[in-house]
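Chains: A, B and C, in written order; residue numbering restarts at 1 for each.
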Amino acid sequence: MNIVVCVKQVPDTSDPDTEVHIDSSGKGVDQSKFSFVINDADNFAVEEAILLKEKHGGEVTVINIGPEGANQVIRMALAKGGDGAIRLGDDKFAYSDVVATARLLQSALKDIQYDLVLTGCLASDDGYGAVGVTLAQILGVPHAAYAKTVEVVDDKKLKVGRELEGGLMEMNEIELPCVLTIQTGGNEPRYASFKGIREASKKEIKVMDLAATGLAEDQVGEAGSVAVMTEYSVPEVGELAEMLEGDPAETAGKLGNILKEKGLV
Amino acid sequence: MSDIFVLAEHRQGELREVTLELLTLAGELGGNVVAVLLGSGVDDFATKIAGYADKVMVVDDPMFANFNAMAYQAALVELIKKDKPGLVLVGNTSQGVDLVGSLAVELEVPFTTDAVAVSMEGDKPVVTRQYYGGKINGTINFKDADTYVVGVREAAIPAGEGGKSGEVTKVDNPVTAEITARKFLEYVEAAIGDVDITQSTLLVSIGRGIREDKNMPMIEELAGLMGADISGSRAVVDAGWLPTDRQVGISGKTVKPKLYLALGISGAFQHVTGMKGSDLIVAVNKDPDAPIFQYADFGIVNDLLKVVPALIDKLKEIKG
Amino acid sequence: MSIEHGVFVEKYDLLGCIQCGRCTGGCPVTARTPLNVRRFVYDAVDDDRLEALSEQPEIWDCTTCNTCAIRCPKGLEPFEVLLGLRAMRAEEGNIEPTARDALESMFNNGNPWGKPAAKRVDWMEGIEGVDKVRILEPGEKADVLIHTCCTAVYDPRIMPLAKNLVRVLEAAGVDYGFIGVDEKHCGSEARRLGEEGLFEYFDEENTELFGSYEVNRLVTLSPHCFNTFKNEYTNLSIPVQHYTQLVAELIEDKKLKLSKEIGSQVVFHDPCYLGKKNLVFDEPRYILGQIPGIETAEFFRSKERSLCCEGGGGKMWVESESKEQRLAETRIADAEALGAKIVAVACPFCLLTLEDALKARGLEEEMRVADILELLGESL
């Protein structure tokens, strides 16, 4: 079973102390103080792809849209068991929205014989959670979002468990080829050792620029987008904990109301 | 303004709250609020929804007995092409996320997801979204079109009281061919007893402040009322009050629940590292200087052994 | 993966082992786990067994405290066999998720704690009596280059150690400089978790970084950083000291005045990486002896026989399966029996584990654990 897994390199914002500063253009952020990592959900997608390969054979191709620095996450995926990689790299791809991004991925897929395409369910930087589903539509194949369990029924279909709110699993049968967006927590991503990544650096990463994609300039980047983020702003945020005052009954009362308001009880 | 379509969301015989939230939002935006209800035997829902909409369009067919993104998409494409609403609102839920992007692309209209605020500028929606885990907000500008599809975050807009009396109309299922590429099989509940706290949505987490094993039952009662799982610091695991797989921290598990209720946990760095990704952190600790308050969104300085029983009473009251 | 014949035998001189058992006989973790390091040395001779040996959970129980190495009559280092087995696991990517997270963070953020690299010097704010902490630019000169330690810069409990170090340096008029935001993990814990490749990366990066300054010596806050720079880095020519060695000098040279009294009985817990690994026993004791009002006591198990706190050897990230009492609690019980009011340490890991043990035993009212830097800060 040939699998394509799409990986994104994002700033590491897992620590709440991470600072995000809007740059002078208003539509970008200051990248200078970030560490860059593989998007968390994509890491689970990579592991899922490798697990399926280990069980059912086939090849895993890693695809990324990014600058040269993104080679780091591609190599990590190759070190874990990926066979080949494509990086779509061109300044003109910057500021692509979900649709333009999906279009770019489709262009990389046109020469690959794939059975299954995996993406992470959500990216930690922009959080659209829509590229996989959109890509499926453009490719004309079925899809399922928030897939947590993937089982091969036969060479024509999969049994996929989607994780719903509250942990309930929705079991579906989906025909191949298809696109799945992978939820976090469905597997335990393996570690790619330093030496392993260095070994994987010997594998070729095919780089595709705009010309190689066969797309026109107005099909990518901001020009190719239908929903563009035009301006960042800083939300109002309380710094310290809001302390609830009063005796136990009063504070418990206040807390109960807060939880209710937030839809948590 | 033309029609605003709002997709109703339901599952296992329950109408989901997000439906009323989105209908409330649609009402606030002006225009004709049309609720779109796809289901099988869903007259009760239609009645409830009618209080929040100007019109309720019901497609009642066994095809929609359980959610199937492809079936939903096939129906919505036809309904939207026919009615040409100016705006389509869908909850950014496990259903909505499975639907919005592909639906919009099939319709060839602009879309975005996970909106936390929506307003109108003439016929065009202005959408606010969060970026970088909520550290900054961003505004979305759409290309001009006749219809826009927007996925809206759950609980971002409070559901109002309703106050409308929409006309309920049953519409023939516009989907004529059976959907075969994707089939709903069944729902499977999470296995009881086999808790993976890294996947928990709600966590009641205990620390040394619990003091004794015999105080555990009140924690269990609280967690039960909240539908939460129980986790703890290394200290309570060492003391044997919780099994190892419930330990949160650098040498235990990393959790990212919607709510982390830290009871009697001091907030040592090695523990906090395991729960810093939680959406909402509430801390109860006797010690006003406990480091946990540096990380919490809300804090109560008091003995948890007094606060927990009071909280149990309050939650019982809320749940009625 | 394939192991060439005799690799472990050659690398660790396994045939030199006479199976006397002094290693296991002195190994402190045998009090709570089934780890038998003598047995591992014996079994690792057989290359075909290495894979199975690497799968045994006890290899992660070792704290690398050096007791086995210090006791070995043949001068071998039995614990290194366990690190070699860990390295097999790490290279395959088959390690605990907590170890994985720590290692990935080391590479991505330059520290094992998942904290942003950009926040490495935030701790320098608000130091009593100090306007600005001196950070060196590349090419700049100083007598002493300080390597702070990932735990000291990010863990709020350990930041006071770094802050007090600055106060001590300023008070003594030392020509010092810190590295700043580019300071990274020393590589010690990467190596302890089996990641040889990642350790080599830090060896290379840090050696180049330190070389970019003109300094006479490198001084560390943590014994783990001290040990790794001094003994494990392949190409570092700058002399390396632990802060206790520098501070002892300063006191001897009468550059540091300690005036405020700390009227308490203090027992010094020898950190394994300072004591057993590097035989630095006297300087910490000398410093404590110079603090007015302090009465020092000695543990029965002191110096070469110091009881490991179980903070080293990657144990901050990988727990043992054992439910038996932690060694740190035994140590606190020892201190309680001595009637000590303060357990003094000179290592961030000892401080964290012993303080945790103190709380577990409910003795917060009776005793406290303090790093020598904190005591110095109180006495300045």
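We take it that a residue touches a chain if its C-beta (ideal position, glycine included) is under 8 Å from a C-beta of that chain, and two chains touch if they have at least 3 such contacts.
Note that the structure is predicted; figures quoted are calculated from it, not measured.
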**Report entry** A-B compared against A-C, more contacting pairs
**Finding:** A-B
**Report entry** Most centrally placed chain - per-chain CA mean versus overall CA mean
**Finding:** A
Query raised in the report: Measuring centre to centre with C-alpha atoms, which chain is farthest from chain B?
Result: C
**Report entry** Length of the line joining the C-alpha centres of chain B and chain C, rounded to whole Å
**Finding:** 45
Report task. List the centre-to-centre spacing of chain A and chain B in whole Å, with centres computed as mean CA coordinates. Result -> 20
Query - CA centroid of chain A to CA centroid of chain C, Å - result: 38
Query - Junction residues of chain A, two or more chains touched - result: 14-15, 18-19
Report summary line: Where chain B touches two or more other chains at once, the residues are 276, 294
Query raised in the report: On chain C, where are the residues touching two or more other chains?
Result: 114
Report summary line: Residue positions on chain C within touch of chain A in the complex are 90-95, 97, 99-100, 103-104, 107-109, 114-119, 195-198, 200-201
Report summary line: Contacts from chain A onto chain C in the complex sit at residues 12, 14-15, 17-19, 33-37, 79-80, 188-196, 198
Query raised in the report: Which bits of chain B are touching chain C when the two form their complex?
Result: 208, 234-235, 238-240, 244, 250-252, 254, 268-270, 273, 276, 291, 294
Query raised in the report: Which of the residues in chain B come into contact with chain A in the complex?
Result: 11, 17, 66-70, 92-94, 97-102, 104-106, 109-114, 129-143, 145, 151, 154-155, 180-190, 196, 198-199, 201-202, 225-227, 258-259, 276-277, 280, 282-283, 293-303, 306-307, 309-311, 313-315, 317-319
Query - chain B partner contacts - residues on chain A that touch it in the complex - result: 11, 13-16, 18-20, 22, 29, 98-99, 102, 121, 124-131, 133-134, 136-138, 141-146, 159, 161-175, 178, 181, 185, 225-235, 238, 240-244, 247-249, 251-253, 255-256, 258-260, 262-265
